[in-house]
Structures are given as structure tokens and as C-alpha cells.
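One chain, chain A, appears in both complexes that follow, with chain B as partner in the first and chain C in the second.
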Partner chain A sequence: MIIEIGHFSVIVALVLSVFGMASAALALKTRNPDWARSGRMAVTLIFVLLGVGMLSLVYAFIIRDFSVLYVANNSNSKLPFFYTVAAVWGGHEGSLLLWVFILSVFSTLAVWLHWRTQPAIMPYLIGVESAIIFGFLCLIVFLSSPFERLLPVPLDGKDLNPLLQDPAMVMHPPMLYLGYVGFSIPFSFAMAALFSGRLGEEWIKVTQRWSMFAWMCLTTGILLGGYWAYYELGWGGYWGWDPVENASFMPWLVGTAYLHSVLVQEKRKMFKVWNLFLIIVTFSLSLIGTFLVRSGVLTSVHSFATDPERGLYILIFVGTVIGIAFGALILRSNKLKSQVEMDSLVSRESIFLFNNLFFLVAAATVFLGTLYPLILETLQNAKVTVGPPYYNAVFMPIALGLLFLMGVGPYIPWRKASVASLKKSFSTPLLAGAVIVVLLFVTGIHNLYALAGGYVVTFAGMAIVLDFGKISQLYAQRNGSNIFQGSLAAFTANQRRYASMLTHIGVLVLVVGIIASTVYQTEKVVSMRVGDEFAIGDYRMKLTKIHEVAGGNWNAQEGVFQVFKGEDLVTELRPQKRIYSATQTPTTESAIYATNMGHVFLTMPEVSEDGVAVARGVLNPLVLWVWGGGVIMGLGVILNILRPRKKEE
Partner chain B sequence: MGTKNKKIAIIVSILLVAGSLGYLAFGNFGENIVYFVTPSEVKAFSAEAYSKKVRVGGMVVKGSLKTQPDPVGLTFELTDGAATIPVAFQGIPPDLFKEGQGAVVEGQWRDGRTFHSTMIMAKHSEDYMPMELKRAGVELPKKDFMKTLSP
Partner chain C sequence: MSKGWQITLILSLLGLFALFYQGLWGDPRHIPTVLIETEAPNFEGPDVETGQTISLEQFKGKVVLLNFWASWCYECKVEHESILQLHQLFKDNPDFVMLGVNYQDELPDAQKYLQEYGSTFSHVRDLKGQLAIDYGVYGVPETFVIDQQGKIRHKWVGPITGEVYTNITQKVIAPLLNAQPTTTTTS
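Moving on, here comes the complex of A and B:
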């Protein structure tokens, strides 16, 4: 019964989304603000109704109502409570509902928050958001409903995929969706700017915090996904250029380009068409990313064949959004000529331009590598894949180039930089980079990427530290305070700038983590019996016992390994080989010992009947820097969003 | 320098950077494509194709699987019904890898006798390991059989 209430609410929300579009159109036509007001009410009601829909599904999972097909497919009587709730977004149908629910939350927030300051934009915002909600709800109601009943009612559910029974995986999809959906707000404002012809900088300023929030959530989602892959999939890596990962990485790349490029328009009124282009592409890629993962097309084009309507609908929907957005952009492009031209190649404008170029080539690379196999399969029925070596070869130089630009961009003047100013800002960082390279080389690091990475990271980091140190000193002198108070004063006086620099520092930390854990990863795979040991790096692992353990919905063989460093016992690691009862699916659970920001990573993927275990040890130096960097990046964005509003905002 | 010259200089340098980035990204694309083939196609490889990295999909022949302790690895046979190839794999197979089931291996037909692999994929999903594969085994038409195995 409850699930029918949810189903019905979602259908009413679909009807209301049509009403939302209509009232937006009428508000524009009649100039009567009452229509906008009723549009606002429609958007708000959609949020409430979709909330009811979500809750009814959550309820069905909590009471384990296996008469609901979606629950039967993604839950089980033995599934722990925590995961029964997370299972709501464990499958296609429920995750689409979560997507559109988040969209309704954001739409409602945006409409109410900007109602007073942006009255002229509101009808457009309501119209665009309602249209996207409409598109998703049609898919959910007609082709992909999580509310369908199943008859006869099965005794038990099929269970949630064991790999998804993990805390990081519980948070990963909602974070990604917050990111994807968050970009819909700047996208809607951009569309409003195009439709209304108010093509100034306002839409960018209004949505600046939205974009940063969306970007932060997307970044967090991607990094959580990496963390999950790292310890749950048991191969000791966190990024495999898998199409599913790529799908979320593409909007991130273009979104990052957008966040930087809008600064140029704010300050110099340039890149107008370009910024609209970037936000349209970012949001389109968010849609494509959602559908690529959720339609199953990445597993095989043939999954489209098993459900051709859904596939066709998705293609038409994404095509329509992209078509309308670019159509509007082309129609308006004559009005969008920037009045300002670039003065010099040695200027902040041009650094931003190259930043954009690098990010877009990176995104195009991922796009090609991810979609080319699908296209080739559709056209020629040939199966191909594009593997990690391709991406690595392209991304290493691009990342190094971007890091270099990151060091230059914030400290080179707008318009035209003089040689003297360049010398003043960059000679010390350039020198510091060289010193680090020599030091790294002397301490035995000869890998080219590690050295080049060390150079640019030091260069960029030094540029940030020098500049902030200098400004802090100025503040300290002026206020007659110490350097610590001075840096605090400097930070709060220019919070937007220095919060961004904090995010940049997070990126540098992340990059160090990636380089160290990729280039200097050591791996060892051995077969062993109880009593045997193997050495990896400075560590020795001794298998002391293999025994059976049981969880609520799984049984496992657990290996007990004593880890020695030299002669000292440092810890005990207990990797498991689990079998989940409902599906009889085996999984390999890793055990991790953290040392000096690095990891000793151990799995026991195989135990034969005669007691021979296969153990796999991986040393990942500095791997914690990857996620530590992510945390710093996020902190920077939060401080950026929370900065006090200035008058012109 | 006049404004016009400056403009040309800016545009040329942007094009240069864009061109080299484009070359970096797309110049080697063709070499990085890994084709998906059947055991029959592997057997028909000419000597030039020996060094090429490919993915082969098929069924792991029952009774052919042998584990090796040092270095840790496996040997087994992979079949598409028409042809069978021996595979030597180094490393740890995925959790779902089993005899009598479908698998995809990546590697090279290096010496023209054994397929040397460093990666096995055996994903568990209805698209990947359909029931009809278990029921009908390799008697399915070859093309459909391959579809069920594609990664």
C-alpha cells in the first residue's frame, strides 16, 4: 500500500512538472508574476512528492517487502539494516529516482534563494528545471519504475550485489549525483541568460557558489569511488580508467575548466561564448555520465537490445537537451562578442586559456576512449577496448602541464606581464623546483615522471607559499601583530583567493600521492601454508592461522598474518575470502596497515582445500595523500563558499 | 609590433599548443585499441599478430585448470566450441573465475602456441554470464556466444 502512495506521488510530480513548464511559459508571456509564483509552488510540491516517493521506497526496503520487484532484486532477508537503506540506490531504477529527487531539492532551493534578487530569471529557471525533471520522471514512470510489484511474491530477495555492501559505496552515488545535479543550477541560469538575452556576467556571479558546491561533491564522489575500488576490489589500485569511472571524470574535467574560465569573464568580460559552451558541455556530460552508467550500455551495447525503449528514450532525451542548449547558444552568439581582446600571451588571461585547452583535450581523450568502442561496436559489430596505457600516456604530460599553469596562473598579472614582474614572482619557485629535483635524484629517485612531478609540484607549491607569506607579512606589519595573526587576517581579507589556493594545495598533495603510489608501488604474490612467511619491502608477513569466520550474510576464510618490520611485530592483518550466502558470490576482502601515509595492503584471494593460500601483498607509498589531498581540496571549497558576501554579489 | 601582428602571434601559438596536445591525445590512439577476438581467430593469427595485445573470450574447459605456485599463476584451456587454445596466466584470477564458465583474457599469442595473459576478467552480471550459456554451453551460434562474453 505504502509503495503505491509513493508511486502515485511520483506520477503527480510528473504532472506538476508539466504544469511547472506551462506556468513558466505563461509567466513570460503574460508578465503576470502570479504565474511565476505558481511555478514556484509546483517546483516545491514536486520536491515534497518525490520525497514521499523516496521515503516509500526506503520503507519498502526497511520492511523487506519482496513483493516490490526492485526490493526483491536488490535486497534480502539477511542484508544488514544499514545496507537495506543504501540499497535504495543500489540499482538502476532507484538511483534514477534519487537523481531526480536531488534535482528537485536543488530546484526548490534555487527558486526560493534567488527569488528576490533574480525575479526576471525565475520563470526561465522554473521552466528549465521543470523540463529536466519532466524528462527524468517520464523515464522513471513509464520505462524504469522502482515501484513495480512482483507476483507471485518470492520468499526472499536476490540480495544487493556484495561489492556494494560497503560504507564508501553507500555514499559514493549520492555524492556523484549531488555533483551532477548541482551543475544543473548554473546550467539553468546559463539557459536563462541565453533565452532572456541578459548575457552579462550576472548568471556567473549568481551561480558561482552553486558551481563550486557541485564541483566539490563530484570530486568527493569520484575520490570515494576510488577509495572503494581500492580496498574492496582487492587489486590495490584506485583508478583503472574503467568506463564507469570515466563517465564521472568527464564532467569533472570540463567542470573544472568552467570554474576557472568564468573568472576571466568576471574580471575581464572575455570568454563569454566559451563559458556558456563549457557549462552546457559540463551538464550534458553529467547527463551522459548518469545514463552511461545506469543504462548498462557500458557493459555491452547489447544491453540496449534487451531494453530498446529505455535506450532510445535516453538517447532522445540527452539529444534534446544538448540540441536545445547549443541551438540557443548559436542563435545568440552574435550578441556575445566580447568587447575586450587579449593583449598579450604573457598574461593571466592566456594562462586561463591554456588551462581550458588542457582540460578540454583531457576530457576529449576520455570521451574518445570511452565511447569509441561503443560506436565501433554499433557500426561494425567489432569489439574493442581502450586500455589504461593510452590514458596514462596522454594524461601524464597534460597533468604536468596543468600543474605548471597552476603555479603561474594566480601570480601573473592580467593583461600583460612585464619581464621584471615574472622574475620577481617566479625565479624562486623555479629554483626551488630544481633544488628538489636534485635532492630527489640524489636520494635515489630516478623515475622521469617522479622527477618531473616533483619539479612542477614544488614550483606550484612554492609560488603559493611565497605569495601568501609575503601578504601575511604585510598584514602583520600593518596591524602590528605576529605572522600567524597576519596570515589569518590575509586569509579572511581575501578569502576567495586564498581558499582557492588551499584547494590548489590539496591538488598538489593528491598529485604527490598519485605519483608515489603509482610509480613506487611494489607487489608480491605468493602461495603459502600456515607457518610460511614472505617479505615485501621492509616487511615480513607470516601466516599464522587460517580459520572460518561468519558475518550476518556471509561466511569467510580468514587468514591471520603477523606483520614484522625487522624483528618487531608491528601488527596483525586479517584478509578474508568471503562467500555471500544469498548469491554464493565470493569476494576478496583486503586488510590494510597504514604507515607513514602509505599502506601495506594484503589480500588472500585463494585458499585451496589442502590448505595452500595465495597471498598478495602491495606496498603503496604515500597513498593516503591521494585522499588527504581530496580532503584539503574540499576544505578549500567549503571556505570559498562560506566567504562573506561582498556588495557586488 | 602592431595589434594585427600581435593577434596573429597569439592565434598561432594557441594553435601550436592545441595541435601538439591533439597529437598527443589522438596520434597514438589507433595503437592503443585492444581488439576482442575468439579462440578460433587467435588460431588463425599470422606471425605479425603474435605481438599484438588482444582480448580473447571463451569458456574455460572443464578439467583443464592447473594452478602454479611459483610464480603464482594458472594454466587452462579456453574454447569457443570450434577451437581451443592453451592459456598461461600469471597473477591472481578474479573471484568469479571458474572452470566451465565464461572468461575474457587479455594478453598475447606470443609464440603462436600458448596465449600469455596477465589479466583475466570474469564479471558477474546477467549481460556477462547469461543462463543460456550454462544451459546450451557452446552450442549457441558462435556470434551470439561471443556477445554473451563481451566485456
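Moving on, here comes the complex of A and C:
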């Protein structure tokens, strides 16, 4: 019964989304604010109704109501409670419902938060958000309903995909969706600007925090996905350039470009068309990402059901949204001449321009690599896979270029930089980079990527430190305080700038982690019996026992490995080869020993009948920096979002 | 935005969506094998039920269907009935042989599986997983059709049910048995 209430709520929400669009149109036509108010009520009610829909599904999972097809397909009586709740978004239908639910949360928040300050924009916002909600709700109600009943009722469910039974995986999809959907708010404001012809800087200022929030969630989602892949898939890597990973990375790249490029419009009133273009592309890529993941057009480890009918629907919907958005941009573009021309190629705005070009080229690279198999199949009926070698070769130089720009951009003046000021700002960082390269080389690091990475990271890091040091000193002198109080004062007075710098520091830490763990990863695969040992790096692993262990819904063979460094026993690692009872799916559970910000990573992918185990050891130096960097980046963005509002904001 | 940019933008969007549309009707999981049209690797191994040695060589000159399966594999159970049905269909033809390949399995489990679900043809055990490596098996179930000359003519990843069943029986096996040259199928 409860599930029918949920189903009914979602259908009513669908009807209300039509009402939302209609009231937005009437509000614009009649200029009667009552229509806008009705629209606001519709958006709010949609949020409430979709909340009821979500809760009813959660309830069906908790009481293990296997008469609901979606519950029967994605859970099982032995599934632990925590994963039972997360199983709500473990499949196609439920994750779509989560997508649109988050969208309704954001729409409602945006409508209520900006109601007083942006009355003219509201009808557009209500209209655009209702339209997107309408598109997704049609898909849910007519083609992908999670509320369908199953007769006869099975005794037990098929279980949640064991690979998804993992804490990181529980949070990964919601975070990604918060990111994807979060960009719908700046997108809606951009659409409002285009439709209404209010093409000033207003929409950018209003949506800045929304964009940052969306970006932070997307970053977190991607990093969580990487973390999950790292220890759950058991191959010891966190990024495989899988099409579905790329689908989330592309909006991130363009979204990052957008976050930077809006600063130029804000300060210099330039890049107007460009910013609209970027936010449309960002949100379009979020939608295309959803299409790629949900339609099964590409081969991926994320094997979702291939269903041309649903795929076609999503394609038509996504195509309509993107078509209208770009159509509006093209029609309006003649009104969008920048009032200002660029003064010099050596200026902050030009660095931002290069930053944008690099990000777009990076996104295009990923886009091409992701779609290349599809293109080739369509044109020549040939099958290919584009793997990491392509991405590493093409993407790495672009990423290094971006890091270099990151060291330049924030410290070069707007309009035009003089040679003297360039010398003053950058001679020390350039020199520091060179020193580090020599040091790295002398200590035996000869890999080109490691050296180039070391150079740009030092350069960019040094530029941040010098700038902050200088300003802190100024504040300390002015207030007659010590340097720590000075730096605190400098930070609070320029919170926006230094919160961004903190995010940049996070990026640098992340890059060091990526380079170290990619270039200096050591791997060893051996067959061994109990009593055997193998060496990897400074460590020795001795297999002391293989035994059976059981969890709530799985059984496993567990290898007990003693890990020695020299003659000292440092830890015991217990990798498992699990078989989940309901689906009989095997998974490889890794065991990790963290040391010096790096990992000793061990899996046991095979155990044969006669007791021969295949063990795979991986040393990942500095791999924790990848996620540590992510945390710092997130902290920077949070400080940026929470900074006190200035009057004009 | 200049006219040129506008047209470029519109054309790229149209191209992109045409590509996506086209992509909807293909199945990216059909992975062709480099082994198609090449000599099927020979193998030798014990029969799951009798323990007697089975080798591919002894079936030279016949059309051989190799079906990789395991007792822990859910989709194998899904296809099992159609696999038996397929054997029924061709078993009276002296030129046809069907072999199961038991992949990464415990012997008692495999035997129990066959007792439980039924078996009308022989199954060879892939003791070290070498056979699967030789044939480039991604996962189970996976099915190969080898022609009279010992060449691999067809490969399918996933269960043989529904349309796939019709395709493999009517368009692959039947023409081979009638000695009509088939077009190479790369599904």
C-alpha cells in the first residue's frame, strides 16, 4: 500500500511539473505575480511529493517487500541494513528517482532563497526547473518506474550487486548527482538571462555559490568513486578512464573552466557569451553523462541494462534541453558583445582565457576518447577500446600546462602586467621549481612526468606561499601583531582569494599523489602456498594461513599474510576472495596497510583447490595524498561558500 | 558569436546526436574476438562426470559448439535449458558435437550442478584456467562455434537465449552443417 502512495505521489508530481511550466509561462505573459507564486507552490509541492516517493521506496526496502520488483531485484533478506537503504539508488530506476528528487530539493531552495532579490528571474527559474523535472518524471513514470509490483512474490530478492555493497559506493552516486543537478541552478539562471535579455553580471553573482557547491559535490563524488574502485575492484588503481568515469569527469572539467571564467566577467565584464556557453556545456555534459550511463551506448565496467527505448527517450529529452539552450544562446549572441576588449596578452584575463582553453581542450580530449569507439563502430563497424595510454599521452601535458597557469593566474595583475612585476612575482617560484627538479634528479628520480610535475607543483605552490606570506606580513606590520595573527587577518580580510588558494593547494597535493602513485607504483603477482613468502619493495609478505570466514551475506576464503619490513613484523593483512550467497558473485576484497601516506595493497584473486593462492601486492607511494588533496580542495570551497557576503552580492 | 561559429555549433550538435541515436541500436557488449577465423586452440582435459580424457582433436571434421560455464554462474543457469534444447536440435546430426567447458569450478559443485540441471553431452574440466585463457574468455557463459576445418566461426558472450538462440542455431550452426559457407559473425 505504502509503495502505491509513493507511486501516486510521483504521478501527481509529474502533473504539478506541467502546472509549474504553465504558471511560469502565465506569470511572464500576464505579469501577474500570483502566477509566479502558484509556480513556487508547485515546485515546493513537487519536492514534498518526490520526498514521499523516495521515503515509500526506502520503506519498501527496509521491510524487505519483495513484491516490489525493484526491491526484489536490488536487495535480499540477508543484505545488511545500511546497504538496504543505499540499495534505493543501487539500480537504474531508483537512481533516476534520486536524481529528480535532488533536483526538486535544489529547485525549491533556489526559488525560496532568491524569491525576494530576483523577482523578475523567478518565472524563468520555475519554468526551466519544472521542465527538467517533467522530463525526468516522464521517464520514471512511463518507462522506468521503481514502484512496479512483481507477481508471484518471490521468497527472496536477487540482492544488491556485491560490488556496490561498500560505504564509499553508498555516498558516491548521491554526491555525483548533487554535482550534476547542482549545475542546473546556474544553468536555469543563465537560461533566464538569455530568455529575459537581462544579460548583465547579475546571474553570475547570484549563482556563484551554487556553482561552487555543485563543483565541490562533483569533485567529492568523483574522488569517492575513485576510492571505491581503488580498494573494491582490487586492481590497485583509482582511475581507469572508463567511459562512465569520463562521463563525470567531463562536466567537472568544463565546470572548473566556468568557475574561473566567471571571475573575468565579474571583474572586467568580458567573456559574456563564453560564460553562457560554458554553463550550458557543463549542464549538457551532466545530462549527456546520464544518457551515456543509462543507455548502455558505451562499454563500461558499470554494466547497466541496455534498453534502446529508454535510451531513445533520454536522448530526445537531453537533445531538446540542449537544443533549446544553444538555440537561445545563438539567437541572443548578437546582443552579447563584450563592452571591454582585452588590453594585453600578459594579463590576468588572458591567463584565464588560456586556463579556459586548456580545460576545454582537456574535456574535448576526454570526450573524443570516450566516443571514439562509438564513432568508429558507426562509421566502420569496427570495435576498439581507447585505453589509458591515449589519455595519459594527451591529457598529461594539458594538465601540466594547467598547473603552470595556476601558479601564474592569481598573481598577475588585471589588464596589463609589466616586465618588472612579472620578474618580482615569479623569479623565486621559477627558481624554486628548478631547484626541486635538480634535487629530484640527484635523488634518482628520472621519470619525465615526475620531474615536470615536480617543477610545476613547486612553482605553483611557491607562488601561493610567497603571495600569502607577503600579504600576511603587511597585515602583521599594520596591526603590530605577529606573523600568525597577520596571516589570520590576511585570510579573513581576503577570504575569497585565500579560500581559492587553499583549493589550489589541495589540487597540488592531489597532483603529487597522482604522480607518485602512478609513476612509482610497484606491482607483483605470485602463486604461493601457505608458508611461502614474496618480497615487494622493502616489504616481505608471508602467507601463514588460508581459512574460511563468513559475513552476513557472504562467505570468503581469507589469506592471512604477515608483512615484514626488514626483520620486523609490521602488520598482518587479510585479503579475501568473497562469494556473495544470493547472487553467487565473487568479489576480491583488498587489504591495505597505510604507511608514510602511501599504501601496501594486497589482494588474493584466486585460491585453487590444492591450496595454491594467487597473491597480488602493490606499493602505492603517496596515494593518500590523492584523497588528502581532495579534502583540502573541499575545505577551500566550503570556506569560499561560507565567506561573509559583501553588499553587492 | 559569428555566423561561422553558429553553424559549426549547430552542425556539431546534430552530428553528436545522430551518433548517439545510431549508438542506441548497437550492443557495446558484443566484443569480437581476434580468434574469429583462426584455428581453434586444441585442448585436453578430464570429463567432469566420467574423468575420461577429452580432447578437441578427436572431433576434427565436425562442427563443435564449446560452451564455457560454471556452477557459480547465475547466467549459466539462465541459459541452461536453451543449451539442452540446442543439443536436442542437432544431436542426431553425426557432424555435430557439443562440449561444455567447466570454468573455475570445484569438481563436486560442477557434478552437482549437472545432476541438478541435467546434462546430455560431455563437459571438459578446465583445470588450470588455461583453456579459458587460450580462448580469451572474458567471463561465463561464453560460447564458441568451431567449423569442420577447426576454425572458430562464431563467439557469443552471455547466455544463449531468445534471439541469440535463434541466431546461433539458424544462422550459424545450421548453415555450417549444411556445408554452406556462412558470413563471419562477429557478435
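Throughout what follows, the second predicted complex is superposed on the first by the 635 of 649 C-alpha atoms of A that agree within 3 Å, B and C clash if a C-alpha of one lies under 4 Å from a C-alpha of the other, contacts with A are read in each partner's own complex, and residues count from 1 in each chain.
The criterion applied here is as follows: a contact is a pair of C-beta atoms (placed from the backbone, for glycine too) under 8 Å apart; a residue touches a chain by one contact, two chains touch by 3 or more.
These figures come from a predicted structure and were not determined experimentally.
A.B. asks: Should the pairing of chain B and chain C on chain A count as a clash or a fit in the superposition?
C.D. replies: Result for chain B and chain C: clash.
A.B. asks: So in the superposed three-chain picture, is A:Val526 touching just chain B, just chain C, both, or none of them (first/second/both/neither)?
C.D. replies: Only chain B; A:Val526 stays clear of chain C.
A.B. asks: A:Leu466 in the overlay: touching chain B, chain C, both, or neither? Say first, second, both or neither.
C.D. replies: The answer is neither, since A:Leu466 touches no partner chain.
A.B. asks: With the two structures laid over each other on chain A, which partner does A:Phe291 touch: chain B (first), chain C (second), both, or neither?
C.D. replies: Only chain C; A:Phe291 stays clear of chain B.
A.B. asks: One more residue to check, A:Gly311. First (chain B), second (chain C), both or neither?
C.D. replies: The second partner, chain C, only.
A.B. asks: Looking at A:Pro586, would you say it contacts chain B, chain C, both, or neither? Reply first, second, both or neither.
C.D. replies: In the superposition, A:Pro586 contacts both chain B and chain C.
A.B. asks: Comparing chain C with chain B, which touches more residues belonging to chain A?
C.D. replies: B
A.B. asks: Just chain B (first), just chain C (second), both, or neither: which does A:Leu345 touch?
C.D. replies: first
A.B. asks: Based on the superposed arrangement, let me know which partner A:Tyr390 touches: chain B (first), chain C (second), both, or neither?
C.D. replies: first
A.B. asks: Using the superposition on A, tell me which residues of chain A are in contact with chain B and, in the other complex, with chain C.
C.D. replies: Residues 296, 299-300, 303, 306, 383, 585-586 of chain A touch both chain B and chain C.
A.B. asks: Which of the residues in chain C end up touching chain A in this complex?
C.D. replies: The contact residues of chain C facing chain A are 1, 6, 9-10, 13, 17, 19-32, 72-74, 106-107, 186.
A.B. asks: Quick one: which bits of chain B touch chain A in the complex? Just the residue numbers, please.
C.D. replies: 6-7, 9-10, 13-14, 17-18, 21-22, 24-26, 28-29, 32-36, 53, 55, 67, 69-72, 91-93, 95-96, 106, 123-125, 127-128, 146-147, 150-151
A.B. asks: So in the complex, the part of chain A that touches chain C is made up of which residues?
C.D. replies: It comes out as residues 273, 291, 295-300, 303, 306, 308, 311-312, 315, 319, 322-323, 326, 329-330, 333-334, 336, 371, 373-375, 377-378, 383, 579, 583-586, 609.
A.B. asks: Tell me, which parts of chain A touch chain B in their complex?
C.D. replies: Touching chain B from chain A are residues 296, 299-300, 302-303, 306, 341-345, 350, 353-354, 357-358, 361-362, 364-365, 368-369, 372, 382-387, 389-390, 393-394, 397-398, 525-527, 585-588, 605-606, 608, 612, 614, 616.
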